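Here come two complexes built around chain A, the first alongside chain B, the second alongside chain C.
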Partner chain A sequence: MMGKRYEIQLAGEGGQGVVLAAVILAEAAAVQEGKNVAQSASYGPEARGGLTESEVVISDEEIDYPRVVAADVLLAMSQKACDAYFPFLKENGLLIVDSVQVERTPRADAYRVPITQIAEEATGKAVTANMVALGLLVGLTGVVSIPAIEAAVVARSPKGTEALNVKALHAGLEWARENRR
Partner chain B sequence: MDQALKEQEGLLERRQWTKVPSLLRPGRYFMQGDEACAEGAIAAGCNYYAGYPITPASEIMEHICRRFAQLPGRVFIQMEDEIGSIASVLGASWAGARAMTATSGPGFSLMLENIGYAIITETPCVVVDVQRAGPGTGQATRPAQGDVMQARWGAHGDYEIIVLSPWSVQEAYDEAIRAFNLADRFRVPVILLMDEGVGHLRENMAVPAETPIYQRWKDPSRPPFGEAEVPPMPAFGEGAKLLVTGSTHDAWGYRRTSSPQAQQQLVERLANKILNHREEIQRTHRHYCDESNLDVLLVAYGFTARSALGAVRLAREAGIRAGLLRLTTLWPFPEDAVRELGAQAYRVIVPEMNRGQMLREVQRVVPHAIGYHRTDGEVITAPEIWAAMQRALRSDKKHVLEGKEQER
Partner chain C sequence: MMGKRYEIQLAGEGGQGVVLAAVILAEAAAVQEGKNVAQSASYGPEARGGLTESEVVISDEEIDYPRVVAADVLLAMSQKACDAYFPFLKENGLLIVDSVQVERTPRADAYRVPITQIAEEATGKAVTANMVALGLLVGLTGVVSIPAIEAAVVARSPKGTEALNVKALHAGLEWARENRR
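The block that comes next holds the complex of A and B.
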């Protein structure tokens, strides 16, 4: 449709950090690697809860339409999000779900990963689940390099939380390395 | 206006333009639309911001606040509400500042009385409205384009105003700069009409080495409210004796509230100082409009123009001669460009995130234009515009002028 496009959709509930995860991924691709990137999101006014979706489009060419048309990757952090955005995933697209939050997976070949649990084990904080998710996504797709995503995570981390977030990121990367099919 | 005076003003206008080095290091950036709008304002020399936070415009205020703290001579104030914000901006403008505020629909409604005051007092300022789904509080986080007519006609009385609508992060930056220059050039409030889709979008953009700046013309020896088409505007505190009133006034600012001539002269000059310079103000962009007879022409603006360009590419892949006329200036309405391209196209579609506000304006010059609307707080997608184009091409007669039919 518009040059070589790669479309990533992250979805979950407000407060899980899926928008921030998308911003970091976008900055890794755009700022660290100099690619053409568009990042957008759709969410409700709630600080917690409510269906939240964020998108990253990476392209070899200038991006005209900046939203997801048919996603190459969907990472779902809740059942609702998985149900709502699965229809936008390409037939051969990659589906990753947090198995702690998502009971029913619409496709048998989905990566079911206990993202929240991995976060708790790696950092003691469930709120780092979005960093684990980023690590998984990058580990399974290679859409950006590991140094790029590391640098982007550090750049967006509030002072004092850099090491914690990078640790969570690497927990995700490690799971991907061990379980990649 | 006599010819000598006109020439003198032309000379003067050229003298007021300068170029300054951009504040940000020139080069590529990855930025959010709201942030780019704030950076454009800063590059344009905005040195006064008064505002009240509101989704989806808050990031403009946050970014200005952070950046002003690092820059000398710039004032940021969070006001008690939007009425205070715009009032403060107008005062700052008369004190010589390049002043701005940013809001969304609910706040924009509150600002309109003072925007009318800015029009009659010819007070330059920039008002950003990052549109969200209304009316009322509506859906705070959802995109819409429902303020197109409010931006044009929201204040009372008979007037012309300048409204610009960026479609990208790059244009949020560029048009913010242009908004300040047009405001000072024509002594008029300029509305930068963004939408949530562009305001919250992050993408690549570039900062050029230099920024064009129009310096306000301040000559205190000439009347600040007449004689010249766009009169000089001295600042308070610099020696000029100034009378500023929202009532009808003469060239020196004296109230003339019973004079038919004064009223007519003022209203006509306020309108004509914009209308006589439409070419300078109107900015449109043609994408894939090279053929003289298009199958489908899309006319779009803001985020929806992104979807429209995506749809045009889909149509081109399917062998349809499709084009996009993109409006960056919404008001004064670029009717010549719309008429010219619209007349040559078999089908004309105006996609908008509203019930057809710009469609009616397009139909005024291109009667066979039809609309495509979305009012559910979701952006219009490229595939759905492409589907609408195919429907329009399949249906014969219904929306099409007889003359058009016969030509085929």
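The block that comes next holds the complex of A and C.
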């Protein structure tokens, strides 16, 4: 599945939790699986407008340049995020969008997943959409193992929210299992 | 206080919350104050050993290189973290260490602050030490305004923990106000 270097970009609006999702994915790969990982987020003038992005670079080897150069995966939680970051996706890279938020998808083979809706159905809370997104990402790519992402989600969840977040994660994994092409 | 580019490095052991502290500081500077900000964290083989670091670069201008080159501030929450990252601190950079965790400080003019103890006294929870650290950092540098860091702490706190985290933040700000040289 993975080559030497694997680049993941998560993008959405402020409050959708894409920075936290990146931190959790980074910890799953590094702390649980012992990979070299760089996690980052940039905030430009667009941060006030609500656009937020974060990146995870995972490698078996030392990471020379810590930012996304050409993404292997883009997960976009909003139309603006999809439009802004699609140009950085590799030609054969994996595009996953929240179909509830993204109307126009720039590529026909994108995974259009009702992420927000899956979150609401699984946990009653749209705010767990970032955990559904993590489940999708792991389920569709195998970039980290399921036990590794579970452990990282639990470690990063505020006390009392662990079970809810794992439930949302599994809803994403489940969708990926059923719909993976 | 700030030049064009200001580099902050936070380092500690896993579980001390230095990545979250960096994310909050980044959001205070970007979302609340409209600066250009890059936040990042690297995890190498040492992540399994417990060492964790994160970085925030803040600039009035576009950020060309998003990582710390020579830190203006190093905040170290453990001896190992202090030893590992001190070499990246500028010669006249600001060194802040948790005196509860760091015995040997590499520079005589470091701020030795009992961060963990202040957290326990302020909130009864050592886990709020990262919020005390944020308060110290803002109080000693003025890198963002107090309202900006308060708003970012509240926005990032799990429901029900906002007041506790703001209390810890203020304990750090208070220490800085009383002891700033």
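The rule we apply is simple: the second predicted complex is superposed on the first by the 172 of 181 C-alpha atoms of A that agree within 3 Å, B and C clash if a C-alpha of one lies under 4 Å from a C-alpha of the other, contacts with A are read in each partner's own complex, and residues count from 1 in each chain.
Quick note on the criterion: a contact is a pair of C-beta atoms (placed from the backbone, for glycine too) under 8 Å apart; a residue touches a chain by one contact, two chains touch by 3 or more.
No experiment lies behind these values; they were computed from the predicted model shown.
After overlaying the two complexes on the shared chain, residue contacts for A:D64 are found with chain B alone; chain C is out of touch. In the superposition on chain A, contact is made by A:T161 with chain C only, not with chain B.
In the superposition on chain A, contact is made by A:V37 with both chain B and chain C. Residue contacts after overlaying the shared chain place A:G14 against chain C, while chain B stays out of touching range. Contacts of A:A84 after superposition: neither chain B nor chain C is touched. Across the two superposed structures, the residue set of chain A contacted by chain B and also by chain C is 23, 26-27, 30-31, 34, 36-45, 63, 66-67. On the chain B side of its complex with chain A, the touching residues are 28, 30, 55, 139-142, 197, 200-204, 306-307, 309-311, 313-314, 317, 378-379, 381-383. Chain contact summary for the complex, chain A toward chain B: residues 1-2, 23, 26-27, 30-31, 34, 36-45, 63-67, 69. By the touch criterion stated above, chain C contacts chain A in their complex at residues 14, 19-20, 23, 26-27, 29-31, 34-45, 47-48, 62-63, 66-67, 158, 161.
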